[in-house]
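Per-chain numbering from 1; labels A, B, C, D, E and F assigned in written order.
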Amino acid sequence: MGGEAINRKEEAMAQPVQAQQADLTAIQDLFYRAAEMLEEGRFLEWVDLFAEDGVYTAITAANLKDRGLAIFTDRGRAGLRERAAYWMGMWQVNRGSTSHVIGNVRLVGRDGDQIQVRSKFIMTRMNRDGLVDLHTAGSYQDVLTERGGALLFQHRRVIIDNRTLPSNFTDPL
Amino acid sequence: MGGEAINRKEEAMAQPVQAQQADLTAIQDLFYRAAEMLEEGRFLEWVDLFAEDGVYTAITAANLKDRGLAIFTDRGRAGLRERAAYWMGMWQVNRGSTSHVIGNVRLVGRDGDQIQVRSKFIMTRMNRDGLVDLHTAGSYQDVLTERGGALLFQHRRVIIDNRTLPSNFTDPL
Amino acid sequence: MGGEAINRKEEAMAQPVQAQQADLTAIQDLFYRAAEMLEEGRFLEWVDLFAEDGVYTAITAANLKDRGLAIFTDRGRAGLRERAAYWMGMWQVNRGSTSHVIGNVRLVGRDGDQIQVRSKFIMTRMNRDGLVDLHTAGSYQDVLTERGGALLFQHRRVIIDNRTLPSNFTDPL
Amino acid sequence: MDTATRGSLFDLPSDRLIDRGIYYEPAVFAEEIEKIFKKTWQFVGHESELAAIGDYLTVDIYDQRLIVTRAKDGALRAFYNNCTHRGAALATETKGNCGNAFRCMYHGWSFDLEGRLTGLPRRSSYGPGVDLSMYNIPQVRVESFAKFIFVCLDSAAPDLETFLGGVKAPLLETSADVQVLGRLSFFYPGNWKLWSDNARDGYHAEYTHPLVGAVYRDVAESAGTIQHFAKGHSKLWWPIEGDPRNIGQLQEKILGVTGAQHNSPGTRPMPPVKIDFARGNVIAAIFPNVHLQWLMAGSEHVMEIARPIGPKQTRVDMIAFAPADESPEGIAFRLAKTMDSHSSAGKVTGDDCEAVTRITEAVHADGVQWTPLNRGLKEGDLGHKTDDTALRGFYAAWRDHMGVGS
Amino acid sequence: MDTATRGSLFDLPSDRLIDRGIYYEPAVFAEEIEKIFKKTWQFVGHESELAAIGDYLTVDIYDQRLIVTRAKDGALRAFYNNCTHRGAALATETKGNCGNAFRCMYHGWSFDLEGRLTGLPRRSSYGPGVDLSMYNIPQVRVESFAKFIFVCLDSAAPDLETFLGGVKAPLLETSADVQVLGRLSFFYPGNWKLWSDNARDGYHAEYTHPLVGAVYRDVAESAGTIQHFAKGHSKLWWPIEGDPRNIGQLQEKILGVTGAQHNSPGTRPMPPVKIDFARGNVIAAIFPNVHLQWLMAGSEHVMEIARPIGPKQTRVDMIAFAPADESPEGIAFRLAKTMDSHSSAGKVTGDDCEAVTRITEAVHADGVQWTPLNRGLKEGDLGHKTDDTALRGFYAAWRDHMGVGS
Amino acid sequence: MDTATRGSLFDLPSDRLIDRGIYYEPAVFAEEIEKIFKKTWQFVGHESELAAIGDYLTVDIYDQRLIVTRAKDGALRAFYNNCTHRGAALATETKGNCGNAFRCMYHGWSFDLEGRLTGLPRRSSYGPGVDLSMYNIPQVRVESFAKFIFVCLDSAAPDLETFLGGVKAPLLETSADVQVLGRLSFFYPGNWKLWSDNARDGYHAEYTHPLVGAVYRDVAESAGTIQHFAKGHSKLWWPIEGDPRNIGQLQEKILGVTGAQHNSPGTRPMPPVKIDFARGNVIAAIFPNVHLQWLMAGSEHVMEIARPIGPKQTRVDMIAFAPADESPEGIAFRLAKTMDSHSSAGKVTGDDCEAVTRITEAVHADGVQWTPLNRGLKEGDLGHKTDDTALRGFYAAWRDHMGVGS
């Protein structure tokens, strides 16, 4: 899968600055809309931001350096819809408002019609006392693809800095 | 008031990409300068970033979904100056350095000369022990307006993820 | 040194908007690559992002307003390489994954070939229990310089909101 | 500790002194939970929040989690928010509608609106003839006055109206027919009694709140009273000073601190809300932890309940009200402005949070172990608004509950 | 507390009731550390994690930090992770290779793979003839079964195999020859015993986990057993319902909640992993805190260890396994999917975390102080999978250790 | 616990062993606050920080919050930072100028620079003839030596100079005429005594700090002494090894770890600061928790005060100094570089934080309950810099205060 193929080919990016800016704006818009959909519970819209055979996976930084034991891996629209189903009620967990602040969005490579992007995020969550806690933080490593004029997620890997998860880690990352 | 009129009209945004980028750069500059003014105590300069009849209001995500009980609502320059006065000494509370990291800035609509923007933020605050705490996080929903070549806040709504506020929640959001 | 000369000359920035955007994109790319190098342990690459006589210094917001007692100040490549050496094993401290989310990047001035930039950051760190903690937050005040077509750090000042440091504050800021 | 000083403060009669240990000692706090919070009527909400069958509110009396419902017969019921099987909470939201029953998320046991076990999945494994009623959740007492709902964990306590006594009048006068605008809560780092003290203390406002100070700066002897009622309740009352439309003049004082030019008009239109100018401002305090704030002629109407979280941690739950027949413009105005001075973000309460925080930080001092309550010492239950009358009354009731001699 | 209710629950024999205080009282927790965790064999890891000389694992038995090594002679050794000089931890990672020795970062003392002091820098200041062995780190017992490594702080305890007894069989059947895929941990806010309860409880799954509920919705009497072994161990077993390839049908039920159109095939290819369909699902529980989950015919193979952190805080350490001879495709699949339902992010365990959190929040209720364990009451150690058989067995062992009468 | 091992360590005389429980037991910590911190002189700051009338510093002796002022008569005064009315802290900043008086933010009571109540707003309600002096804040003892200000909560303790005794000399030698560059603090997760231990421990540096290790790698017997003074104070001294300008050579060793090419010059110009090469390095420790670090010939001059926050939590307050007559270039250099090796971000202290953290994590081990202090055992108060001489002296003083037999 594309995700494993993320490697920095920055030298290959001999693209006019202006085109890069346009890409970056489109990429950021995709990322921000994705986060907003997740925060607002528009999960099926979020599924449509992925390519038909898109992959969504999460892993700890420690396990990424080890054999690669994932927290979860969803493949294809069916897998993504299954995850949406869990968010929509297959889990009986309590929910609190979350915020994903995404920063450091950076093009790191381009391979045919695929764009490789890295970014950082901090995610907060309202706890059961009603206060906002830091929930997790880490990186997104994305491979995006253009289909019909729109950018889609081909492979989104969420790398979290945790080695130990907090309780109730079922919120969308 | 404009604030209630924030609705996503993304289809209406048939604007050249390049112009959008210019807008976005100007919007981000406005947001970042606003945050810096608040962090540095330049409160009267901050008031001038609002339109004459501008509105600044804060609410919890839970109450926004309910009847709409605000934490506060300041209308017009007089109301904003009154808030500035509180920050400048009408409150006798202790202050600690704050940081507002703003991300996910996204144009969501345009209505005549008004631009609708959404963004996310995390706010930290130095506590009484001298350490930095997560203070709150949430979204800005803004309606901006152009007056004399400059973008101004017509309506800034701060939506915080908290259901319960921390003690001393008087710092500028 | 340039760092002390950071003062807002926003009026001097009568530059075409488009050029500004190009600058901003290049600046952000520099900042994000710098953060990624630090998070990934590519410390010697990070040193090369500084001008030969570049300065890297950190200070609390409180001391910046007082006489200016720094937490540390590294001058020139030799000083920066010494810091890299500490990160690479001259310290025997435990390390946990860190994330730097950088936001609010803003050009504040230009002085010959030097660009003055301000930005905000939040830094998280995995603690000894494996959870992610808020480590610190604050501002970067940068003077950048162009050498051979590339932007370099001439002076990077990290201002942290803390008055009291957490234990083990040796991670790259 | 400087015993000389302690001696001199001891010269006051002991019922006018507080040992400051009561603000931080864990053992005192634990005893208060048992002897006060589990023995008195504790506020839950307003009946309009439980309009329909199946509507519920949850409330915690420290670690005792309760559910209050509108049952099938239209009556209010209260029972533990706790499954009799393995003890999971049945409801996790403050407010909701459960339909006909609460279904426990762990093994699916279902309890009706009175806490009776009505659904026992895969029942046969409990043997033939299992008596479901053995697993009913124990009910607790629930009563309401002026549509304010209270629960009580003590079956021997007097009924709600007897408990309220003298404070019923101000509750009825201000709140007989209201609607709920919403809820908001905040924490403060201090003992719950600091909030009770503050609500009975008309002395501090002028100094804690610079705006109030500006109002009274030139007032030699301002009007207002503090009335103590039996069992620790009280009513603080004061009139609105000056022309209520003249807020613009006050605003000039506020804006003065900014040093800015401003051109706000000297008078402003009255807000489009139903007010009762003659009634002025009322703070009705219900022992131990409820404070109804009916301020600025009723244009701000907020109930504050100080929930004990720990010896040095309290959560204040606020409910904002409007008259039941408020106009749409009035509702819009109140939604926007009711909380302006309340909460830990409020223009007034923000400073009260600071004051109680500073007490919590400093109050352990070995050299200063006593707090005097001797302002406005005189016979009777009525004092000037700045007197310690109701504070003395509160601590008399507190001592009664705690079983310490006066 | 409502004594009437308490009375009615008391009618059950006392060994079938739990006083809920055991889930939160600090004194009970402290006693459990001494009487259970310091007296029983505690899980460390798998021998394949200590393949080479100098490999080590660290493990904490509450506040007792230990190192387990593969020593020079190829044997396992365990000793305190604690320098005999001033007490610094010698190893700070969960796993690693220390070479020949652990060198303390404070004053450079070096200890060999058996914990013996072998390097004493600037030795002469300790006087002539200093006896280094005086500073050897005390060893603790370490044994392994089925390549699972355990330590025991009690020199008087029976050996590991005697301790394991009946639970040895399911361990061998499921895990005789495995490799480690990785580790993952999570916290939950609740007592460690809530996890032991949950692993012995085949009753909850249908109600806690909506997906499981969907599977059994129309199954009147599902198959499966719970077996209790002496000393508090147990084995929960149940078969795979229906055609295992028919997951697509199940997925339709899941996707139904989204209201979305979908066109997943009715049957899916089996995953490319070694499975044993006939064995179904096994959860082998080792007293007090280890739960081996061998699920879905072995396509998910995870060890869970519930580490006590405080009366209301637990960390669950998970180790994921694969058959030693799994194919590369199988390994890839398992790395991607093993944890899908496990951990606090898991499609199944996420709900279990919620259940134990809700218990912790509500369980203090004065009115409901007892938890019944009376499901499937009958003689013998084997029950239907939804019976409380193994829960009764667990608490019998718990009472033995704690020295309270049954 | 392995009693055999415990026995063997018991063979040492008991005054050379520490029971490790003193590093974590809450009861020991509580006793230390009463018997040590409330009985000894505690460091506040430098007289130059209180140059003008009304200047103040605040300091906390655990939960006792104090203010120290420069009063109207030019003398220093200290009193509780605690309003005698309801107990609010009067000052919330570490440092400031209050003008003529501290005005309490709650009810506006004002206290002069000696803590006397001078302003009582709306006074008449306290009745005729109220005696304001009844509400004066009790003063506490404040004295200074070498312009270092100390307070003492015990009226029976000897005066400051008597208390300091032998440690006066190194204080005077290093710090007679200094200015303050600024303050910086950090937390570490460990007992306060771990910092006292570390400051009296010349043994660790070579192993804890790789740079120091590089310096001494080939030094068979390095110079330096540790001197113990009565009452638990001490002085650690060592010379600067080699050519002080030869830092470049050292830097090559540092840069070696990066594997990078580098071309730093073999010698560097001396920094433009006033130094005293012959004095070398001095760490003067004042019982119980103050450590003056005068290092690298005085080019780094920092006072560290370890404030006890909890049994396993300490805050270290640092004050950086320069000679009063330092040049502008020297000041600029010192502002930039003084803290380079100090603080939890420091090139040296960063590692010390790690060491004390590792002790805190591991020190509970049942099997290793004692820490030996037997390095360099001999008669007298002077040892080689790596000996435990001053540690033995510290714990002798500690035992005296705590009333435990030696």
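We adopt the following convention: a residue touches a chain if its C-beta (ideal position, glycine included) is under 8 Å from a C-beta of that chain, and two chains touch if they have at least 3 such contacts.
All values reported here derive from a predicted model rather than from experimental measurement.
*Asks:* I need the common contact partners of chain E and chain F, sorted by label.
*Replies:* C, D
*Asks:* Under the touch criterion given at the top, what is the topological distance in steps from chain A to chain D?
*Replies:* When the steps are counted carefully, the minimum from chain A to chain D is 1.
*Asks:* Could you pull out the chain whose C-alpha mean position is farthest off from that of chain B?
*Replies:* Ranked by distance of C-alpha centres from chain B, the top chain is E.
*Asks:* When C-E is set beside A-E, which has more C-beta pairs in contact?
*Replies:* The greater number of contacts lies at A-E.
*Asks:* Taking each chain's centre as the mean of its C-alpha atoms, which one ends up farthest from the centre of chain A?
*Replies:* Chain F.
*Asks:* If you average the CA atoms of chain D and of chain F, how far apart do the two points sit, in angstrom?
*Replies:* The separation of the two C-alpha centroids amounts to 45 Å.
*Asks:* So, what's the distance in Å between the C-alpha centres of chain D and chain B?
*Replies:* The separation of the two C-alpha centroids amounts to 31 Å.
*Asks:* For chain E, give me the residues that contact two or more of the other chains.
*Replies:* In chain E, 92, 105, 185, 187, 208, 315, 351, 354, 361 touch at least two other chains.
*Asks:* Among all residues of chain A, which ones touch two or more of the remaining chains?
*Replies:* If we look for residues of chain A contacting two or more partner chains, we find 18, 21, 92, 94, 101-103, 122, 128-131, 134, 163-164, 166.
*Asks:* Please give all chain pairs that are in touch with each other.
*Replies:* In this structure, the chains touch in these pairs: A-B, A-C, A-D, A-E, B-C, B-D, B-F, C-E, C-F, D-E, D-F, E-F.
*Asks:* Going by the contact rule set out above, which residues of chain E touch chain F in the complex?
*Replies:* Touch residues, chain E against chain F: 38, 63-65, 79-90, 92, 104-108, 121-122, 125-127, 134-138, 140, 153.
*Asks:* Could you pull out which chain E residues touch chain D in their complex?
*Replies:* 2, 5, 8-9, 11, 20, 23, 197, 203-204, 206-208, 351, 354-355, 358-359, 361-368, 371-372, 374-377, 384, 386-387
*Asks:* Would you mind writing out the residues of chain C in touch with chain B in their complex?
*Replies:* It comes out as residues 17-18, 20-21, 24, 61-62, 101-106, 118, 120-122, 134-139, 160-164, 166.
*Asks:* Provide the residue numbers of chain C that touch chain F in the complex, in ascending order.
*Replies:* Touch residues, chain C against chain F: 43-44, 57-58, 60, 63, 66-73, 75, 78, 81-82, 84-86, 88-94, 128, 163-170.
*Asks:* Chain B touches which residues of chain A in the complex?
*Replies:* By the definition above, chain A touches chain B via 18, 21-22, 25-26, 28-29, 31-33, 35-36, 96-103, 122, 124-126, 129-134.
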